[in-house]
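What follows is a group of structures, each given as structure tokens.
In what follows, chain A forms one complex with chain B and a second complex with chain C.
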Partner chain A sequence: MDSNNDEALDIIVTNVVATFRTRCHLNLRKIALEGTNVIYKPEVGKVLMKLRKPTITASIWSSGKIICTGATSEDEAKLGARRLARCLQKLGFKVRFSAFKVVNVLAVCSMPFAVHLVNFTNNNRPIASYEPELHPAATYRIKHLKATVQVFSTGSLTVTGPNVQNVATAVEHIYPLLYECQKPRK
Partner chain B sequence: MSAAGLRCPGCGSSNIVDDDLYCQAQRVCVDCGSVVSEGSLADDPIGGSDVSYSRTTAVTKKPCLNLIKGLERVKEICRILRLSSEIEDLALTYFRQAYVHESFINVSLQRKELLAGCCVFVSCGQRDWPITLGTICCLLNADQTLVGGVYQEMMKVLNIQAPFINITDVIEAHIQEYKISAQHVPEELAEESEALTKRAVALVELAADSWIVTGRRLLPIMMAATYLAWQSLNPNKHRIRFPLSKFCQVAQVQKRTTATVRITELKQALCKLGRELPWIREAVTENNVVRLVEDILDHRHTLLARALKNHEKAKQDDCTQTDSSNPLTGEVAPSQLSESRDETANASSRVQPCPQNSRENPEGDVDDDHQGEDLEPNWGKRVLFAPPCVIHRKRRRVEQPVQNVTGDEEISDSEIDSYIRTPQEVRDFTLMQNMVSVSDSGKA
Partner chain C sequence: MSSRVCRTCGGSDIDVDQARGSAVCTNCGAVLEDNIIVSEVQFVEGSGGVSSAVGQFVSADGPVKAPLLGSGFHTGVGKESRAQTLQNGKRQIQQLGSQLQLNQHCLDTAFNFFKLVVSKHLTRGRRTEHVIAACLYLVCRTEGTPHMLLDLSDLLQVNVYILGRTFLLLARELCINAPAIDPCLYIPRFAHMLEFGGKNHEVSMTALRLLQRMKRDWMHTGRRPSGLCGAALLVAARMHKFRRSVKDVISVVKVCQTTLRKRLTEFEDTPTSQLTVDEFMKVDLEQECDPPSFTAGQHKVKMQQLEQELAKKLDEVEGEISCYTEEIETELEKSRPKLRGIYAAYTKEIDPEDEAVLSSTSDLEEKEGDDADLQAATQHLTQDFLSQVIQEEGPGKRTPDGVYNQEAAPEKEEVDERPQAIPLSSILGKLPSPASLGLQETFQTFHKSEPPENPDEEPAQTGELDLEGIDDQEIEKYILNDKEVEVKTELWIKQNADYLKEQKEKEERIKKEKEQGTYKEKKRRQRKREQIEAATAGEAIERMLEKKRISTKINYDVLRDLNQSSGSLSTPPSEPTEGAATRKRLSRRRRKTRDVNAELSANATMMTKKFRRLISSSPRKRKDAPQEEPAAAMETDSEAVPEAPPEDAPDAGPAPADAPPLLDTEEEEEAEEECVSALQLVGDYGCEEEEVF
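This part shows the complex of A and B:
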């Protein structure tokens, strides 16, 4: 992936958030009664359902909108969402699996060097911002990719973006900028 | 025309007509001429004007009261912190500029007060008089996250930059707070603030080199450095046994709980350097390192170079692959420190492929459930000084990887049935819920 270094960077996707609609009204009480692994939150008006096989937590609203979190890849998120839709179908609702969209992907990555955050921020203002008293990481927002990268001084990165491809591109984009601000690890 | 149902209070007749007096609506009795009722002369909207104060022309004639109050608050804060008039003027300018911006004109009074504090903070930073954000939070008695939010908003609005605060700049001001000079405490506990500052600054620089400062809050580190500096300036038995809580009590400062952790970390770093002292025969541990602090700090750079060299040597002895072109030769003088640091860095990066091959993963760009991560060399264990978060790396929960998931696979019925209660279970559950609610209402 990286043409400018000889070691490949491991980008580990830790969370994928996806939404879809069932195009029908859902009776939350019924789901809470007849479903296992279900937590009903009447004060918020939603039901939390946890699946086992792809470890996914879904927030189900009565309007039929469902948000799935916890998957580790886009395909896994889709599988989990479909499984959930089947489950609701079996419970008796006229579910149609539609408008599936991956909304957010969170990934972590580790640079093989430490980063001098002050230099990095000074070189990349105003795209990068660093407030050491508020948060120990420098935030770098890549507008055209709609991705946010948080750089820690140890060289660890946290990347969030709308899909896995953007996340990978964001890491590629930021690598040279970090490379020139590296701190030799004693 | 007559208004039905109305009777004149004077003569009782019902012959009442609408007869406006210019713009004022009035109802008049025809027979006796008395005014039965009248409308309002002016049409002032109920509950105040529809146009908010900030959009009226009154703004130019009479300045906003809250703006005046805010400016007073800025002056107050500057006076409490005893800042120069230059900083005060700059803060007032920033406050005026930010106040009229749309992000701050219609916000709550609390946020406007936080804005005042942030303006002072930025002005101090720009005029080379650094104070910490924690100080501002204390003064405003506000949560650091709130202050941080207002601060970032303000920086965006004003489009200015503040220089980064170096801990060595702030520590002098911090030590001023400690009432530990001869006039406040008995002779055996007293220390002059200049000596204390000098020692603490050296300790803090050492901490910065050994990854103790990066990413951490400033106050606990400064407290730890001050405490250790105080102990090491006169390392007798009494002082070494003096706990941090008592020290804070004597010096009349509030103790920070994380300072104890920082003290341990600082002592560990000092031990690593203390072991390199050539005249020490016994083992250097956290208990006896305080006596050696003065020597360690005086020869800090040499000891650091030596420690790194010895660490490299020990690593190369352990490693199966020998690196023949070892750039480190002989004694390293303090003046050649930067070169030696680069050399050790190069040596360590060359040695890096030695223990593991699992990282050479050609399709390593997006690897889900990467089990090789557990075997990945923890760079914290390979170098002498590393941040504690790397040394004690959290073990990521390694799940069974779901192989070759495409998202469009068949979902079997049995899988789905495991998520649905059987009718018997549903009946049992409802029964139990009823019983629980009955017993709850019985108790209530």
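This part shows the complex of A and C:
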């Protein structure tokens, strides 16, 4: 991260999304009625359960598949997932914790300079795309990392990728490209 | 023609006669090919001795325009699905494009894009109108016309972001780099709509200059171009003494008031705004500004830096007083045991005080440093409270003795930690404190104990839940006890009463249908499929083939052989499956395929009742089918001719098990019309790409 600049670039992970399976059928109505902090959506067919610590929101389907969002690190996501499974176990379901996978990681980062988006897009077509009518940021998709970086004109970035390592690599990858197109400072 | 080997004798000397269209082996005399298709140009003498080539030009896109046939139906009789899609797309493009007043060249380019899209199968899963809008917008961008995506979404009544998503995807897949939007493009269009009369051009020029200035001041990156245009036009109008209010401008430009005001304020902040009208027209300032969002960010950073400096200053001041605090605190320690006795009460009392302390310290930080002495004094006073609070939470963090026996450096740490401790304590103060402390401790221990463990491997294999680091007690809080469950159940049932009713009704309905035997699973939009009653599998297949549309790509001869081998009575429907009436009409149309058909005419003799049913039933089936055009043509054809028998056939047609009386009438007709071959008729049917199997 610090290899190409003097100051440290803080990459702050804001959201980690993970999925896992309980390998057993879950009765959503029972969970809804016997759990605290649950929202039951019968039309969609899922239950939203919120844990306080770590702050995690989980979508639970009756097939036993569960999606956990809101964690701030991969470890936290795993801990939250396990807590959730334990909670379901206590409710009486034969829960087995399997197939835990972190699916998406969202991080924000800020460059110390502003970026000229039109130049950046022109230099990096067609990997980068910029539609001011639709979104104020330029989108840069890195295929081999499966990561997407959104660059704003102030120099802040939001990066999404399949894991934290990829996200960090994506920032490193894009830093020199942004450096070329920075706006001249006063 | 490559020289082939004769089948009978193996000789390779084959004589091909172009005139007769036959290939004969010179060795044994076996005829290898009859009716060779020749690709030569034929000439015909027209009136006045002019000779012209026989044939029609067919475009590479396929039969886009159906050749004018006897009755002149353009409606895609016997076209392939691809051609239909393209034709449909072309029509929609023309329609939409004319509403946008695009010229023909643009529309043609858009159609080319559409063809590319279809060939890359990008239309699957997307509404055609979205795809067409995206193609049109792509053309607008590449040509640089002043059309916005908003205009397209207005015309189609679709969310602009949905259109944008489709547009981005198509641009990426087709590798078309649309140049970035220049707000300058929109100025003439909006100026025209604002009706400046004779001075239109001047106002536009002024607005353009303003825009260029905005660009240089980095106001335009990341902003909607229409917003910038609106601001520029408003200022330009005022400069030329036209009265255009904000409302007029926003109705033309399609941004909201707040946005416009914001752009105006940002422009106000630039030095250019200070120039007078004349000066602006003549002089161009060289200085460039930073973008407004950047300056806002810079402002925040400056504020943070100021706060940090203040904090440092305070630290220095505190350092001077530290020696005094040491003495005071050592004395307090002696009196501490009494305080510990009333620990519980004290913690509660401190909660409101903590909040007061927090607010006061934050206020302190915000002051400009003029009251440094005052601040130092108040800080000193509050430190006592803070130190006591920290000590009382000490059991979880550190011993009180350790702090005060050390020197200034760790005290600075303490002070530094206090700003962190303050928010923690205020937060903790709101929760039940003993419990919160317990939780905090467990959380910290979890964090530390987590990394050294390797719970991943085993649970993944066995699926067992690893209970390390999970506090059961805490989790039990997530589960309600029995009474609560009852209450919640009642509440939930009341709330969701409607949904529960619907579910019950649905279940009852399904039960009834099951009893009646007409239970349909989920899909209510099924076409009316009659039950196929057949004695053998072969018969069942035949009847199914009848009902479904025939495809030109199946070799029905082979099919027939298969069925015959299994011993079914009737031969399955093959290509010559057309009906009496239809054949007549169709024979007029399909003169092209005559050569091929000659072969198959032999097969035409194999007619069975199945064919007739197919003929009779298929026009009816065609009605239901989505491909309405061929069906409509067929239908109208069949209905137009006032022939009683064919009309009876479609009317009585549907059920294959019915209508034995029909067979008699149809049989008579079949005998008359064997000369026309099947494929001609099939050619008209051959619009399907769906396979029967």
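Throughout what follows, the second predicted complex is superposed on the first by the 184 of 186 C-alpha atoms of A that agree within 3 Å, B and C clash if a C-alpha of one lies under 4 Å from a C-alpha of the other, contacts with A are read in each partner's own complex, and residues count from 1 in each chain.
Quick note on the criterion: contacts are C-beta pairs under 8 Å (C-beta built on N, C-alpha and C of every residue); 3 or more make two chains touch, one makes a residue touch a chain.
These figures come from a predicted structure and were not determined experimentally.
Trainee: Give one word, clash or fit, describing how chain B and chain C relate on chain A after superposing.
Mentor: Pair status: clash.
Trainee: Quick one: classify A:Asn124 as touching chain B (first), chain C (second), both or neither.
Mentor: neither
Trainee: Once chain A of both complexes is superposed, is A:Ser153 in touch with chain B (first), chain C (second), both, or neither?
Mentor: A:Ser153: touches chain B and chain C.
Trainee: Of the two partner chains, chain B (first) and chain C (second), which one does A:Thr57 touch, if any: first, second, both, or neither?
Mentor: It touches nothing on chain B or chain C.
Trainee: In the overlay, answer first, second, both or neither for which of chain B and chain C A:Glu34 touches.
Mentor: both
Trainee: According to the stated criteria, A:Arg23 is in contact with first (chain B), second (chain C), both, or neither; which is it?
Mentor: second
Trainee: Looking at A:Arg96, would you say it contacts chain B, chain C, both, or neither? Reply first, second, both or neither.
Mentor: The second partner, chain C, only.
Trainee: Touch test for A:Asp75: chain B only (first), chain C only (second), both, or neither?
Mentor: Both partners, chain B and chain C.
Trainee: Touching A:Asn15 in the superposition: chain B (first), chain C (second), both, neither?
Mentor: It touches nothing on chain B or chain C.
Trainee: If we overlay the two complexes on their shared chain A, which of chain B and chain C does A:Arg86 touch? Say first, second, both or neither.
Mentor: Both partners.
Trainee: Out of 56-64, 308-316 or 362-370, where does chain B collide with chain C after the chain A superposition?
Mentor: Residues of chain B that clash with chain C lie in 56-64.
Trainee: So which positions on chain A get touched by both chain B and chain C?
Mentor: 33-37, 51, 53, 75, 79, 82-83, 86-87, 90-91, 118, 121, 125, 129-134, 136-137, 152-154, 184-186
Trainee: Residue numbers of chain A touching chain B in their complex, please.
Mentor: Interface residues on the chain A side: 1, 7-13, 33-37, 49, 51-55, 72-79, 82-83, 86-87, 90-91, 107, 112, 118, 121, 125, 129-137, 152-154, 164, 167-168, 184-186.
Trainee: Can you tell me which positions in chain C touch chain A when the two form their complex?
Mentor: Chain C reaches chain A through residues 148-150, 160-161, 164, 167-168, 171-172, 175, 177, 180-181, 218, 221-226, 288-291, 293-294, 297, 439, 443, 446, 450-451, 459-460, 462-467, 469-470, 472, 474-480, 485, 488-489, 492, 496, 499.
Trainee: Residues of chain A touching chain C in their complex?
Mentor: 23, 32-37, 40, 42-43, 51, 53, 75, 79, 82-83, 85-87, 89-91, 95-98, 100, 114, 116-118, 121-122, 125-126, 129-134, 136-137, 152-155, 183-186
Trainee: What part of chain B is in contact with chain A in the complex they form?
Mentor: By the definition above, chain B touches chain A via 132-134, 144-145, 148, 151-152, 161, 164-165, 209-210, 214-218, 304, 308, 341-342, 344-345, 348-349, 352, 359-370, 372-373, 376, 379, 383-387, 389-390, 399, 402, 405-409, 411, 413, 415-421, 426, 429-430.
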